[in-house]
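So that you can tell them apart, the chains are marked A, B, C, D, E and F in the order they are listed, and the count of residues begins at 1 in each.
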Amino acid sequence: MTRPDGRRPDQLRPVTITRNWLDHAAGSVLVEFGRTRVLCAASASVGVPRWRKDSGLGWVTAEYAMLPSSTHTRSDRESVKGRIGGRTHEISRLIGRSLRAAIDYKALGENTIVLDCDVLQADGGTRTAAITGAYVALADAVAHLRAKGVLSGEPLPRSVAAVSVGIVDGEPCLDLPYEEDVRADTDMNVVMTGDGAFVEIQGTAEEAPFDRSELDALLSLAEKGCADLTAIQQESLA
Amino acid sequence: MTRPDGRRPDQLRPVTITRNWLDHAAGSVLVEFGRTRVLCAASASVGVPRWRKDSGLGWVTAEYAMLPSSTHTRSDRESVKGRIGGRTHEISRLIGRSLRAAIDYKALGENTIVLDCDVLQADGGTRTAAITGAYVALADAVAHLRAKGVLSGEPLPRSVAAVSVGIVDGEPCLDLPYEEDVRADTDMNVVMTGDGAFVEIQGTAEEAPFDRSELDALLSLAEKGCADLTAIQQESLA
Amino acid sequence: MTRPDGRRPDQLRPVTITRNWLDHAAGSVLVEFGRTRVLCAASASVGVPRWRKDSGLGWVTAEYAMLPSSTHTRSDRESVKGRIGGRTHEISRLIGRSLRAAIDYKALGENTIVLDCDVLQADGGTRTAAITGAYVALADAVAHLRAKGVLSGEPLPRSVAAVSVGIVDGEPCLDLPYEEDVRADTDMNVVMTGDGAFVEIQGTAEEAPFDRSELDALLSLAEKGCADLTAIQQESLA
Amino acid sequence: MTRPDGRRPDQLRPVTITRNWLDHAAGSVLVEFGRTRVLCAASASVGVPRWRKDSGLGWVTAEYAMLPSSTHTRSDRESVKGRIGGRTHEISRLIGRSLRAAIDYKALGENTIVLDCDVLQADGGTRTAAITGAYVALADAVAHLRAKGVLSGEPLPRSVAAVSVGIVDGEPCLDLPYEEDVRADTDMNVVMTGDGAFVEIQGTAEEAPFDRSELDALLSLAEKGCADLTAIQQESLA
Amino acid sequence: MTRPDGRRPDQLRPVTITRNWLDHAAGSVLVEFGRTRVLCAASASVGVPRWRKDSGLGWVTAEYAMLPSSTHTRSDRESVKGRIGGRTHEISRLIGRSLRAAIDYKALGENTIVLDCDVLQADGGTRTAAITGAYVALADAVAHLRAKGVLSGEPLPRSVAAVSVGIVDGEPCLDLPYEEDVRADTDMNVVMTGDGAFVEIQGTAEEAPFDRSELDALLSLAEKGCADLTAIQQESLA
Amino acid sequence: MTRPDGRRPDQLRPVTITRNWLDHAAGSVLVEFGRTRVLCAASASVGVPRWRKDSGLGWVTAEYAMLPSSTHTRSDRESVKGRIGGRTHEISRLIGRSLRAAIDYKALGENTIVLDCDVLQADGGTRTAAITGAYVALADAVAHLRAKGVLSGEPLPRSVAAVSVGIVDGEPCLDLPYEEDVRADTDMNVVMTGDGAFVEIQGTAEEAPFDRSELDALLSLAEKGCADLTAIQQESLA
């Protein structure tokens, strides 16, 4: 099988991570997975939400959104509709949970970091690009806090990265662009730590239920992809 | 290890499915997984949403909600807050996708079935109980449509059931009640067809990332649990 | 005249009150007026709304809602619509006022009780069933608070019950099911105390204005119905 | 007993009805019950809501609102809060039902009349003033439609008027201003037709439940008050 | 050129300012520019918004709205739509900024004045009438605060007034009614202080862009109109 | 006077216009005024809003928004707040009106172009950068429509550009960055056509009212700035 863009089944799209893309945020990254382009900004502030006050623990949360012009056909703004859609909610929550898996709340202290992941252009895999980029923005924000002297320990004991996998025309493939995504029978997003443990698995049978051996093949592909992304993150932060 | 309620790690809570719990809906089921109690109602109507008109295909969708008094501490009503929360959105979407995996849209014809899953009492596993019960309500609604003579083929080629699994105190366990759920390191919801294929996998490392072997153990537990639930569904529908 | 279900004009439908229907709430009742089925849950919490703080007085409030599948034809969820409808607002306020008439705020102390009345199945008279059942749930919640030792006096000096009356085909009738309700010229809901005083009267000429003698006949029927309901409440609480 | 403004218990406040207060609406009235001042405007348009199309029947509906500066202490705008409160919903629905009792839908034909009742100054009895004034605005709008030749029959076979009654310091009183309203044990709003039949009764025991004889006294007072208001309406329209 | 109502191009419509139109507000004015009629109410309260606390400075804000029946064709209520439209937001902000230009925050002390400008009838120029009337209501509210002894200095060092100007059929005209407004090529609203300085200029080329000399002519007309309005305000307050 | 960044009072910040920044939109531009960075995307679609159907005329509208991370301190998302703020509304309307001044609706035919202006980084002048960039995106979208053969005439008879001017420390200055903007006494945004006519003027006395001669100086500066921007637009489109 040849993929539309000539990649091998276990090959990522070209991935670029541009740090410090913004002037104001504590950390900011423009991450690109092929034509998918997400702006990840980490804003740090002193204090935590009310329900966490005086716990000595920090907090990390995320918000995901797509620009109206990011999609093939313009999408309506959620601010204009007056409510956030289910998909947006779901992805914001996924990103938040994933990044919180990288954090040691105690070492962060009572500081909050908000990760804004805004999709500037969408071509499949926006949530996995967002998580991968947001980790780098988070690392920069932590460095920013450390430079300000507000941290005592190391709040980032591990890294996280994420990738999509799917079964396209019967073959398990890594990092699907939109064109493959709409044709996939099964679609899975996997978030892993830099040392190869799982943080999140979300697999959906879009067209046909999948059996255990297909599932195993997808998980192995995802392990490979997340390892590659971890290397790219480390290089970017070096 | 002994579980708080004395169950073996691979054992379901007592599951009961009461059909025809309501007088008006085409199908209605009160499903209980231990103390978790969900009312699943399937309402059938002629026609499909606008974007699907004249396709010859049917539609199935779901809405999940919790009564304010269903939880240990009363929760605020989403209708009063004026917006649906992310968790509700996420679960409604999961139930809808899961049930659609059971449906042959063509055989359903241009009819819509809405599955309302209202949690009357919550004690862990509300979304998996909802899916398991909603399948039975859906089967009753399909029988209702068949009796009315509006179906030509068989719109339910397969069944679906769902169960939660998790790692509690280091041990993989099936069907977690609230008490175990809050202590679990990892929490996974798995939806499967009656013949043992996967429809949805949603796994989250709540406290600690999990490795591949833990993941494999959880998946095997889930396969066992879904098979047991399928038998209970079949018995209920017999 | 014969009523569709064979009742005399001044006869209630079969009424059942099942206490402790839920595990978590301080008081919970499944009340049934014929096929109308309402789940009434009373949640108690320490403290009162801000505008009542440091008054030494308690507070009681109510929220009414219908499950989408409770009606003959499925109704849309108010949480999905993003706003509460006028009818829901109106009934929630009626239930709250009615139950507050039973309460001695001083003896309750600075505690709040919320009464959630969720209609599981609707067949006419949902608001009157809700008030009648909510009183029993409230009594159980008060007993729960008393057992916890937080009350000094008796916060429930009187009971309340409610019933609908209407003129159907020219004849005044008690406790209308849906079938009669849609045909009624006049529809009235009456809330009374256990010792026969009026708390609320809401009468509406649906089809034809009514004269003073018809009004008098309806009020007498309601007095009889509320007395019967009071007896059923007392028996249930005995 | 002397009332604060020197009235007899069965006496209305000075009532004035100023027709044609606006230039654009089909009918418009500034109605004053003492210091209570409500602007009632009737807007007529061709056509009816979708659910009533091709029925040959007309429709009448009402919206009630208070200006922020109409109350003793400024109230927040419901447009700014983004939702309509329960009280507003309740009163809008009451006004709509009351005016619809005056209408013959068939003679109105497929036309819609919206009655906007905006409280410019509130001093008790705003809803009853609104209904009383809205009837006159409605009569003017019907005359406007008749002049345009779109009506065949007589869409206003009867008039409606409304008044509040209450028990203040143990004595039944007619048409309560704010000062008496807050002190009343019982508060009742009664809507009647011009020929003395009841359209709506809404009575609430604010402080103490009331007995049948008190209720009878209040109803007789309301009959007297509505008859007086009917005379004032007729004079105004003459 | 003759204007539809016979005015000279630099002539205002008949302007009337009726003070104390309401009983409750600290200041209230019914302002009329021809058939445009706006109720301006100033409500004073102790304290300032949170972000301004302990600054020693006061605050002034404004809310503008139109009654549904104020326009030629009935407009929907923003409270019913559940959101405030862009035009309403824009005008509320303009009125607030304009009145704040008249205020010395320090002399006002930590008091807040809200200006509610509700359009009872619209015939062009509602925002300029609102500003002109709101100034008078504000002056009355300040006098009210002074009488209560809560002010030390003079919080109103200058007055403001506003007028619309536009190019109609090629000729610059002052104070456009609706009929001219819809035909205007250019439409400008100008807010000025009583001593002839500019506070706000908002000019829009509705049909055709305008050149510098047209702009200069419009500005001169506005200077003349604001001076006339200032005289009327002073007379009203004398 | 020396400006913080060394510019002359009548000098623009470095302006760059990058066309085709996105792959999907009919026209897309990243416009930079110094550190202010706005993504302007023009989406074209067949058809017009309902109220304009069968008029033969096209439609152009705009939506403006700021990314949460674009500002010095993170701002909350309007989609999360569930409502669009007044400032956003105001600027979206300004951009829409400004671009419509460049359009010949008849030559556009019944097509709609939506201009999305999303601020990626804010450093003063976001609305003027948005208008200036959106014109170029609009020109590209029109070229795109022309290439598809759906246009008969020339829908863009003129160009528009916009700039801010203000009085900073007593001196009129062109194109204010945030640092100057917060210190300005007066702030004015001016939109002009490529041939030097005015489309919009919005001037506000932030701190002190301004006199006619200051106003004249600001207008002259704006004329100079818009002419410079027009040249940059033409170069970019050449």
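Heads up, the rule we're going with is that contacts are C-beta pairs under 8 Å (C-beta built on N, C-alpha and C of every residue); 3 or more make two chains touch, one makes a residue touch a chain.
Keep in mind it's a predicted model, so treat the numbers as computed, not measured.
Peer 1: Starting at chain D, what is the smallest number of hops through touching chains needed to reach chain F?
Peer 2: 2
Peer 1: Going by the stated contact rule, which chains contact chain B and chain C alike?
Peer 2: Touching chain B and chain C alike: no chains returned.
Peer 1: Using mean CA coordinates as chain centres, what's the chain C-chain D distance in Å?
Peer 2: 28
Peer 1: Rounded to a whole Å, what is the gap between the Cα centroids of chain A and chain F?
Peer 2: The computed centroid separation for chain A versus chain F comes out at 33 Å.
Peer 1: So what's the Cα centroid distance for chain C and chain E, whole Å?
Peer 2: Chain centroid spacing, chain C to chain E, equals 50 Å.
Peer 1: For chain D, give me the residues that contact two or more of the other chains.
Peer 2: Only 82-84 qualify.
Peer 1: State the interface residues of chain C toward chain D in the complex, per the touch definition above.
Peer 2: Residues 83-87, 89-90, 92-93, 97, 101, 158, 188, 192-193, 196-205, 209-212, 215, 219, 223.
Peer 1: Contact residues on chain B for chain C in the complex?
Peer 2: For chain B paired with chain C, touching residues are 22-25, 28, 35, 39, 41, 43, 45, 63, 65, 67-74, 77-80, 82-84, 88, 114, 116, 118, 120-121, 123.
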